[in-house]
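The following pair of complexes shares a single chain, subunit A, combined with subunit B in the former and subunit C in the latter.
Then we have the complex of A and B:
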């Protein structure tokens, strides 16, 4: 890789091409199984093409992560693709199954609302005390049912902790996509107290959901309603809610990420992100700063997308609990001090081994959840191009 | 004994209704368990005052019926809005980063009478409509004297208050400065929600009398 003139040479551990190929082979087999969804390949040529393109994309990205040592750059490209694919797949799935993106009262009563992981923290307390799930979805057997989403989330959370937010969350990719626009940040710093806001929103929404026995976040604060589904506009209250959703989306997912060049929604607002941070305590992986290599240049602190590094935390050789293991600090660190780490091992243990051990589960979950979305989105777009209709 | 047991039985619901106000306060003022117990006592004192006021007012007017059969929305809308404004004032004006220097206005007021904040929040929580409150009201309606009615409310209040005590353990988080910031920001979030609820109730009452 050729570095731009004037930029420091980045010390980045990487694997040889041979080792990278060898380690990519199991991923090729796994992703083939995941994308094919069975022993036989799809017969529809468009579907077969979309599955093949997705398979190649996933494995090229994984191979490049291993061989170049650049995790953030490749993950980010795939992550943004996943988010865009989610919007296309989800919207078209709703249009074909329900006939509309708008959520009617009848859909809510019949429990036809797809469950989303952002709601998980808010259903726990009422679930314990009232033994009911305060969400108008179905427990099992439907598209994005409550049971399947919770099982998926639990597995990924135990394996990855808050890495969920940078490897799986299909909303985070939108935030990240906008944060990559523009050359340099227009707002260089945010007040430290503002980075505590997700915890405050989490506390407030959990308590208010418990009182009102309704998912307050979905009803009032979810910016992603603007690009997925929202209640059908039937009265002034819903108009107000819709205006709120669009405003939050524009402010938190578009404008602020562009101005900050960081993930404003994920780092400064999302209550699920705060909740998910707690899982970093149980997962086997984290990102550490090797103090012997660190030159205290502050580059990692200035560029961390989710505000998960401070001067103090760098001095302590750690990230904050909110770290999403996105790989940004690992990629930009000029001295190779920031590195993936397996808990219980020394900081001087092989950086390559720790990174590879982390990449396998992270990429498997990313492929398991995002692979199908990307493949379906490509299929929809191919259908649109060849037949003039996505359905 | 019956009202006390009734309070114990509905304590969890009562806790759910008070927690959005009490938890941000406990986190925002996390300075040890002893200090949190004092805050809790002040909050509960205010809440008891709210309960007793309602009991007395209902008895005095000779209308021992669920509160607010007339202009219920307006009364509770105003109560919600007042609670919201107090929470917002607490969240904004007690923030060490937002207001540096010599305290003035609301911040000075909160410093001069520190008990006014928790007691005020407790009072406004006490006068808001919630299922346990209605339960107590229905029970107190059976009393023939004002003292019987007040005693019923007081014992019911004692039963529900047992559930609030564990929240004072939040004071043990005083080592973490961030917890206090989170508590105050949470107060602002809850305040905004209650402001919306209050304004909505008032608007509905005014638009559809």
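Then we have the complex of A and C:
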């Protein structure tokens, strides 16, 4: 790999091409099973094309992660693609089944609202006290049912901790996509106290949701209502809510990420992100800094997308609890000091082994959640190009 | 000790992939199991609560749901009762019905529903009954929610 003049040579653990191919083969089989969704391939040529393109994309990305050692660059490209695909897939699905993106009172009463992981922290306390879920969804058996989303979240939490936020969350890619625009940050530093804001939002919304028995975050604060579904505008209050959603989206998901070149929504506001940080205590993986290699250049601290590294944490050889294992520090560290790590093992244990052990479950989860969304989005776009309609 | 923790670490790390696969392979069973074990339901503030009484009127029927006063602990002072008329294609232009929501054998309010306009009026016969909270068209019927107070107003 040729580095730009003046840039330090990046030392990055990577696998040989042969080993990378060998490890990609099982991923090829797994992703084929996930995308096919059964023993028979789709007969619709457009659908078959979109599934094939998605399969190739997923496996090329996985292979490149292994063979180049660059996790962030490839993950990020796929993560952003996933988020865009989600918006296309979700919106078109609602339009074709419901005829509108607007959420009506009728949809709410009949439990037709897809459940989303962002609500999980807020349904726990009411769930314990009242044994009911304070969300107008369906418990089981439907698209994005409450039960299925909670099971997915539990599985991801046990296996991956807060890696959810950089490998699975279909909203995070929007934030990340905008944070990649522009060459350098217009706002270089963020006051440390601001990075604690998600915890404050989490506590406030958990309490308010428990008292009101309603999903306060969804009703008032979720920026992603602006690009998915939002209440039908029927009165002044809903107009106010809609303005709030759009403002939050523009500020937190578009403008601030562009100015900071960091994930502002995920790192400075999202209460689910704060909640999911606790899952880093459960998972077997983390990211560590090898103090013997670290030169204290501060590059990882300045570029961490979710503000999960500080000078102090680097000196301690660790990331903060909010680390999403996105791989940014691993990619940029010029001395190869930042690395994926299996808890309980020494920092000098094989970096390749730890990275591969992490990449497999993380990538399978990402493919299982995102593969279908990406292939459906490609199919919709192909339909638009060939028939003039996405439906 | 270090060797033991390293082995345990790698063991847990290796378990991550089976956990992920099991999550997806058994998703349907896991979600049904989760709901069965926890006994969770969707909050009646959204669903309108369980149906406690049904009155047949030939081509359509009226369903009275349990009053909703649910709070985090105990009950709230104010709530509502939902009355659903269905099926939608068999409803008369106007539904007028005496509703006994507390099932004490005495009507508590008279509900008048214009099914074409989906507009409703309530004539309280009990001091706990308030005005109409909302009228919502369902896939197969119309739901009317009427405000209630736990005790007399």
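Simple rule for what comes next: the second predicted complex is superposed on the first by the 391 of 391 C-alpha atoms of A that agree within 3 Å, B and C clash if a C-alpha of one lies under 4 Å from a C-alpha of the other, contacts with A are read in each partner's own complex, and residues count from 1 in each chain.
Everything below uses one rule, namely that a residue touches a chain if its C-beta (ideal position, glycine included) is under 8 Å from a C-beta of that chain, and two chains touch if they have at least 3 such contacts.
Just so we're clear, the structure is a prediction, and the values are computed from it rather than from any experiment.
Colleague: After lining up the shared chain so the two structures overlap, which partner does A:137 touch, if you call subunit B first and subunit C second: first, second, both or neither?
Modeller: The answer is second: A:137 touches subunit C but not subunit B.
Colleague: Does subunit A have more residues touched by subunit B or by subunit C?
Modeller: The partner that reaches more residues of subunit A in the superposed model: C.
Colleague: Examine A:180 and indicate which partner it touches, taking first as subunit B and second as subunit C; both and neither are also allowed.
Modeller: After superposition on chain A, A:180 lies in contact with neither partner.
Colleague: In the overlay, answer first, second, both or neither for which of subunit B and subunit C A:201 touches.
Modeller: A:201: touches subunit B, not subunit C.
Colleague: Check the residue A:210 against both partner chains and state whether it touches subunit B (first), subunit C (second), both, or neither.
Modeller: After superposition on chain A, A:210 lies in contact with both partners, subunit B and subunit C.
Colleague: Would you check which partner chain A:281 touches, where first means subunit B only, second means subunit C only, and both and neither mean what they say?
Modeller: A:281 sits against neither subunit B nor subunit C.
Colleague: State whether A:148 touches subunit B only (first), subunit C only (second), both chains, or neither.
Modeller: Touch status of A:148: second partner only.
Colleague: Can A:129 be said to touch subunit B (first), subunit C (second), both, or neither?
Modeller: The answer is both, since A:129 touches subunit B and subunit C.
Colleague: State whether A:291 touches subunit B only (first), subunit C only (second), both chains, or neither.
Modeller: A:291: touches no partner chain.
Colleague: Does any part of subunit A touch subunit B in one structure and subunit C in the other, and if so which residues?
Modeller: 129, 210-211
Colleague: Which residues of subunit B touch subunit A in the complex?
Modeller: 12, 16-17, 19-20, 23-24, 27, 95, 97, 178, 181-186, 188-190, 193
Colleague: Of all residues in subunit C, which touch subunit A in the complex?
Modeller: These residues of subunit C touch subunit A: 2, 5-10, 12-17, 19-24, 27-28, 30-32, 34-35, 38-48, 70-73, 134, 136-139, 143.
Colleague: So in the complex, the part of subunit A that touches subunit C is made up of which residues?
Modeller: Those residues of subunit A that touch subunit C are 30, 34, 105-106, 108-111, 125-127, 129-141, 145-148, 150-152, 154-156, 158-160, 210-211, 213-214, 283-285, 342-346, 349, 353-354, 357-358, 360-361, 364-365, 368.
Colleague: Which residues of subunit A touch subunit B in the complex?
Modeller: 129, 191, 193, 196-197, 199-201, 203-205, 207-208, 210-211, 216, 220
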